[in-house]
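Mind looking over this structure? Questions follow.
As written, the chain order gives the labels A, B, C, D and E, with residue 1 at the start of each chain.
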Amino acid sequence: MIIALLLILPLFASIFLFTGKTGQQSKNFAFLASLVLFAISLIGGYELIAAPEKALFFNMDLESILGVNLLFKIDAISIIFVILTTLLVPIIIASTDKKEHRTPHFYALIMLMQTALIGVFAASDMILFYIFWELALIPIFFITARWGGENARKISIKFLIYTVVGSFFMLIAILYLYTLTPAPHSFSFDSFYQLKLSYSEQIPLFLAFFLAFAIKIPLFPFHSWQVETYNASPVQGSMLLAGIMLKMGLYGIVRFLIPLCTDVVANGSLIFLPLILFGVIYGAVIAISQPHLKKLIAFASLSHVGIIALGLLSNSRYGIEGGILQMFSHGVNVVGFFLCYYMIVKRTKTDKISELGGIASVAPRFATVFMIIVLANVALPLTNSFVGEFLILLGLFSYNKILAIIAGLTIILVAVYMLKMYQQIMFGEKKASTENFIDLTFGEIMLFVPIIIAIFAVGIYPSFVLQLLQGVVK
Amino acid sequence: MYAIITISIVAIIVLFFGAFGKKKVILPIIFVGLPLAFIINLMGWNQSIHYFNEMYIDDNFAIAFNGVLIFITMLIFVFARVYYKSVKRPLEDIYALILFSLVGGLMMTAFGNLVMLFLGIETLSLSLYLLAGSKKSDPHSNEAAMKYFLTGSFASGFLLFGIALLYGACGSFNLEVIKQYVVQNQANIPAMFTIGLLLMAVGLAFKVGAAPFHFWIPDVYEGSPTLITTYMATVGKVAAFAAFFRLINASFSEVDFLWKTSLIVFAVATILIGNFAALYQDSVKRMLAYSGVAHAGYMLIAIIALKGNAAGVLLLYSVSYSIATITAFAVLMMVRKETGSFSIKSFNGLAKHNPTVAFAMTIAMLSLAGIPPMIGFSAKYQLFVSAIEQGQLPLVIIAIIGSMVSVYYYLRPVVAMYFTRSMVSEPFEAAKLYKKQILGMVILLLILSFIPGLIILLI
Amino acid sequence: MFQVYLFLFLSCVALFSAIMVLLSKKPIHSVLYLTLTFFALAGHYILLNAQFLAVVHVIVYAGAIMVLFLFTVMLLNLNKEGQFSKTTLVKIIAVVAGGLLFVVLIGSLKSFDLATVSNPAVSQIGLVKNLGKTLFSQYLLPFELSSILFLSAMVGAVMLGKKDKE
Amino acid sequence: METTVTQLQMIPLVYYIIFCTALFTIGVVGVLVKRNALAIFMSVELMLNSANLLLAAFSAYRNDSSGQVFVFFIMVVAAAEIAIGLALLVVVYRSSRTIDINILNRLKW
Amino acid sequence: MVMESSPFMQSISFLLLLFPLLGFLAIGLSQKQINKKLSGIIASSFVFLNLILTFILFWYVSTTNQTVETNLFDWIKFANISIPFAITVDRLSALMLLVVNGVGFLIHVYSIGYMKNDEGVSRFFSYMNLFIFFMLILVLSSNYLMLFIGWEGVGLCSYLLIGFWYKDHANNNAAKKAFIMNRIGDLGFLIGIFMMFHTFGTLNISEVATKASVMPSGSTALLIITLGLFAGAIGKSAQIPLFTWLPDAMAGPTPVSALIHAATMVTAGVYLVARSSVLFVLSPVTMNLILVIGIFTALISGLIAIYQNDIKKILAYSTVSQLGFMFMALGLGSFSGAMFHLTTHAFFKALLFLAAGSVIHALNQEQDIRKMGGLRKKIPFTFALFAIGAIAISGIPPFAGFFSKEMILSVAYEHGMGMGIIATFISLLTTVYMFRLLFVAFYKPESDAVKANHHIHESPKVMLIPMALLALLSMVAGFIQIPALFSTNVNAFSTYLSPIFFSAHQLVPASGQNLNVLTEWLTLLIPLTIIAALVYISYIRFAKDRLSAELSGIQKVMANKFYIDELYDFCFVKPTEKLSLFFRETVDQSVINRLINTIGNATLYIGGRIRLLQTGNVGFYLIIMVFSIIAILFFNLIR
């Protein structure tokens, strides 16, 4: 029931919004709808907390009509992502500024995106999963290309093709898996999980899945779409991308790579973990000298999600649980980060770090909020990222000490680039662009409130997430 | 069977009224006659009647494909009204030729004898040659018709030679008898049989537009009047595929080692050439032509898979491909009417003033590209599944690579429509004419997207 | 043995004239050589005791089709010295292609042999009566449907032929 | 015994096969070498005729009439085809004053 | 092993954390609403409440010899990992509580006066309270990860307070440098924690100690753990090679320097090592490393301090040097000695900083000692307090420094005569730079700047009283632990801490030989004599108005801090920036992006080529068809 609501509500809202008249009304409607969704997903979360081993099911055998089996299952892992989605989407919707005159289609596309994202996280049938996975691309493509900045058109095409190419690899893997299931073949996750794959079967499977996810996440060296797309898309699009959509790839790792390619993950990690690790360092190092705030966020994100991938593939429970927790945290943090970016760009019309400065002296509230978000990104203890990164590195350490130590370098690098960026933007003397910087209004602060609550809630009491996962991660 | 008769009669009535210059009644007659034929066609459902010594077999396969063909033709006529709006004369000849070729198509789906196959192919082809050249004043149309005719009759020669050799080996044209021969002589198939089979396959591969026999397609599709191109790309292709499938399925399924490799080569070449060549096209019409080639490659996979529900999958694919193609061509016709060009540039900024049209084009492109949740995706994935169940994973991988490539060119019109500055500042005049029809197509596409399973299980 | 000689003679005539169709520069010569080929083929039909086919062949090909060809040649005044011909390279390629095709076909077909052979000389199937029976019983449907083909050809020819006032 | 005698006097089937193949090949070569559309039509006719004769021969040697019926249909179709082809040729000639197929290259790439 | 402890004490220990947090939130969230003075009073009163609670707890643990364990909630708990949010008050942490809350309270009070005229005073006090909060977490945590929270938290506060005057980028750079250098150490700390968890399966401090005590001495796991922890300590306590941030940290307000960068936070490294004494004594390699690093740090920073001219910088290097001294003590195995010196150092170094602050306050933010002089008469009270601090830190009896240093020196001499002499030398360096500072700033004839400045005034009472209290402590605190030479009975300090280090001493029995009484007297008296001599020389050299000679050779190197900052800049900062540029411009743009684009363009190119197959020439199409047919037939026949 909850699943049905979670899927149908945004879909209908989206269809309704496509016929909307004014942007403001549509925004209000979309915001309300997404809040309702959030409430519903919280109910789902509550049910699961009561019994973490259980899962919410939705099964309707419509294969004869739809061609796919409507098989949904929300377990503890899924609910985290569903809640992440439903938590962030209202913020993203609310963040649009009145001055930007978004048409109703904009909100319709966001709601459609939400449908697809929830679908991805709730699907328990491979084809269904794939459908939602691809469906998610369409709205974000339009959002990016239509409301994006310069070159948005070209870049969004590159983005779309790049990711579609990646997901085609996944399609190959799915189809390959399908042939391996005992007759009558089936696409349901459960039938895949029951497979006992031999090592030689796992290798191509792993490669295909890994490629697909690596492009989506993105991992080095498949990240080149990311920076450009973040840079080109409107900030809401970037938030959707970085906050939620990238998690699809990581979610895929949790759902498929780890349970299905156990042996490859166990034996081959030393081949691909260094690659990911290099990407982690790479992103962080580039962020140090990145002159544009948005690109900096992109590279920081590249580095952060790389760490998550490291944790997930580290063959240890700590790594996996920490990775999942960190996915949630990263979603929250990066959206917060983008919001800060948005606040700056909205007021100063520039995101060049060197043109900014001295904001802290005119906007103390903003400085505080931004500082909290920066610290969350730096993974300071008691913020949400710390627990996740700690567990990830712990997991990685128990797998391979050298890798963990190198990965640990990021906690230094992240401090370097984050503080450098914060210092240059917020501190120092005021500049022309920041002369008339207005501090956050009440409405804008309200945008940050849920994010800050999430940052501290997860940082101080992560156990509710971790214990939720306990029954599922094995 | 009775559908053929109905359609023939309708065609003759059309000719009759046209001869007396009664322009206004022609299309209404067709719009009565084709649904009638559709219903009559459906009445034979689940009965599998064999007519005239198994010349014509009205099994579910035939009925389903005939239904699709008739339905597509109806859609074509829907757009014909708008396409030929400016033409004064009754056009009974063109309409009649379309109907005649439809008869040929129906024969191709339901043949039980190679004679019927041959006659069906020729009826369809001859009408299409003529239709391709029906815009006499246009050198492109002439050229298209000529090229089509030259290559087509050449291919017919091979087809016939193949039939002759096959006959020499088996001594019959009846599919059932050939099958028996095959079953009995599975161990020592004479070379003549093989050659005959392969030459027939070549002939049919030409008709479906599979590489390396696809060369006529881009030129002919581009040169023909757009409405006719639409018809060729849909009815012509679907009928040819139905015929191909029926031929292979009815007689040669036991000796798949003879033809499978060749077909796989065809399919691979078709997918790659079609998709890659489409990348560079500036003319949307030609791009769609290459897309047609590429889709022929995918549909060949259904024939290669053959077993299981391949027929249903082929049906689904045909439906998805045809409806999306018609939608795309319909939009193209409109754009061409307004801008006088097929170039991708003429799509620039279409979405601003013609959102419905742009949306329709987008849906069609996404469907053709096989992006979920459009029907094009369901069709592709069902196709891949059935191929993979027959152990054709490498082929499927190639097909998927082709799909990756295709995303690019299918997106170009979308991008042009939505994200490029428009040259015109007001809604297209023609859009008013088209709006209802195009909206209908969109709704059809969307509805179909939710019932792919139903279509597959038809057969 | 006489039959064999006759066969060989007719074959030689047919092949020679067929080649001459290609070699002739003037279309009119080609058409005439083609006619010769058709007559030789008619002889083959008679040799096979396919009387009906032989007659139809002569009527359709030598009669109708040849007339059409000739008519076109005259109508369009095409009977000039062939001023356009393909390059030698293309010709060589074409001949090589033909040769290869021939070799491949012959190589695979020559070993063919029927299990039971009936003598065409004594076979009665080619007679009008027998063929008629088959045609109007077993092949009635295609026979009828071929009328549609003709009709469409007619309509089309008219369509292409008449002047439009568009 | 008698069958043996008649068989000896018969023309071997393979003769027909070889002859028809040769004729077919000539037709194919003709299509390839000619630029004149009319000549190409003729070459196609040669191909069709070779198929015809082959069918007729098989039909006769198998003592099965269906092959010859098929030939009949082929002739029918060939006639219609040629009619259409020539009509097209006339149209093309009208518009471009030539029947050289090499000028048919407006549509390409 | 959760001991039953009284609920009353548990709730008190919980309140310890709650009060400063409340203070932080109350001040931080209402910055605009409350006036400046009020915020200082609120902040100070919260710390004062804490101080009272600390006394209660201290009394409790020192009398009952029990630890107060309070489990607040489960922080990270799943599978076999269980890290509660739990606080432990034992004798060691109670001592630290005293230091933190005591000194902290005094500095808070002092700050009310010092920061009176600053714009962001509310912000300042909220940060200060936050610092106390994190420092208490650090001190009270019952497991290493929670300790790490406090560890990073104080680092954050340090960052925020160093960069308190954020309009000047120099301050921000200093703050950033402090944070990043701490982070480098923290990475080591984290690795130590990982290894600890890996080895013992728990992070609980007492459980780790118990489990470790049965391990063989010198095992690799222990080595890695202790190295990691020590790396953390190096970062936090500004030891070589991560010491350069501390002098820069003087960019923050002076009370911050006093509280964070002298008395409390920087000593956290010492506290950590002392806390983990069991682990460290089982890892002799690390112990030796600590010893070496401690000695070198103490030496080098002591030398640098002599040539500095910024009053706060001198004190900062002095701090580094004293910290090195403490580490040396730790390396020698004298945990209680280190802790003792930590305590006394907290008193007199805070005093020194506050007094320096008072000077700076008086001179309108002038920090260069060359521009001072003659202050003895202008601000006599401050001078007196400063002198007490200088005497205390120099180890002149009977002030506190003497006792704590003596405790360490005796251990050093027990360890060997050479070690003793080195230690003595280090302690003598203190005298040199402190008295140089004292004489230059207070005795030397008035500089022009001072002469021109008519507003030089004594600080208000709110600043002087805390300083006076600290001075009192600096004078008397030493008497709780008198060298064995004088009396073997007065050793309250080591007795107090002995339960903490009991197991550590158990594992490694003291190896040093006992010196005879004569030697002990000599080692005591000779340094004192030298100190006296040094004070006199300094007086001659610095108190008179002699133009200081040009620095030359080695002196210049020392004055420029051995060029260590430049070295780091050259070795790490510049290469990282270069690498960043290289990655950004070359790898990302020219290689990866180009590669991806090339793939795309290649596809398009192939498309363009394949398209050319379609020549438009029918003859060509037909030829291709025929060849294809031939190929198909051929391959099917030869198969």
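The working rule: contacts are C-beta pairs under 8 Å (C-beta built on N, C-alpha and C of every residue); 3 or more make two chains touch, one makes a residue touch a chain.
Here the structure is a predicted model, which means the values were calculated and not measured.
Touching chain A and chain B together: E. Number of steps on the shortest path from chain A to chain C, with steps defined by chain touch: 2.
Closest to the middle of the protein, by Cα centroid, lies chain A.
Seen from the C-alpha centroid of chain C, the farthest chain centroid is that of E.
Centroid distances from chain B, each centroid being the mean of CA atoms, peak for E.
In this structure, the chain pairs C-E and B-E differ in their number of contacting C-beta pairs, and the larger number is found at B-E.
Chain A and chain D have Cα centroids lying 66 Å from one another. Taking each chain's centre as the mean of its C-alpha atoms, chain B lies 31 Å from chain C. Inter-chain spacing, taken between the CA centroids of chain D and chain E, is 99 Å.
For this pair, chain B with chain D, the centres built from the Cα atoms lie 28 Å apart. Within chain B, contacts with two or more other chains are made by residues 115, 119, 122, 126, 129-130, 133, 136-137, 146-147, 150, 154, 158, 165, 168, 191, 194-195, 218-219, 280, 408.
Shown for chain E are the residues in touch with two or more other chains, namely 611, 614, 616, 618-619, 622-623, 626, 629, 633, 637.
Counting partners per residue, chain D has 17, 24, 27-28, 31-32, 35, 41, 59, 62, 64, 66, 69, 73, 77, 80-81, 84, 88-89, 91, 101-102, 104, 106-109 as the residues that reach two or more other chains. Contacts between chains, counted with the stated touch criterion, involve the pairs A-B, A-E, B-C, B-D, B-E, C-D, C-E, D-E. Of all residues in chain B, only 366, 371-373, 377-378, 381-382, 384-385, 388-389, 391, 393, 396-397, 400-401, 403-404, 407-408, 411, 415, 418-420, 450-454, 456-457 touch chain A in the complex they form. Chain D contributes residues 28, 31-32, 35, 101-102, 104-109 to its touches with chain E in the complex. The touching residues of chain E, when paired with chain B in their complex, are 603-604, 606-608, 610-611, 613-614, 616, 618, 620-622, 624-625, 628-629, 632-633, 635-637, 639.
Those residues of chain D that touch chain B in the complex are listed here as 17, 20, 24, 27-28, 31, 37, 40-41, 44, 47-48, 50-51, 54-55, 58-59, 62, 64, 66-67, 69-70, 73-74, 77, 80-81, 84-85, 88-89, 91-92, 95-96, 101, 104, 106-109. Looking at the complex, you find that chain E touches chain C at residues 619, 623, 626-627, 629-630, 633-634, 637.
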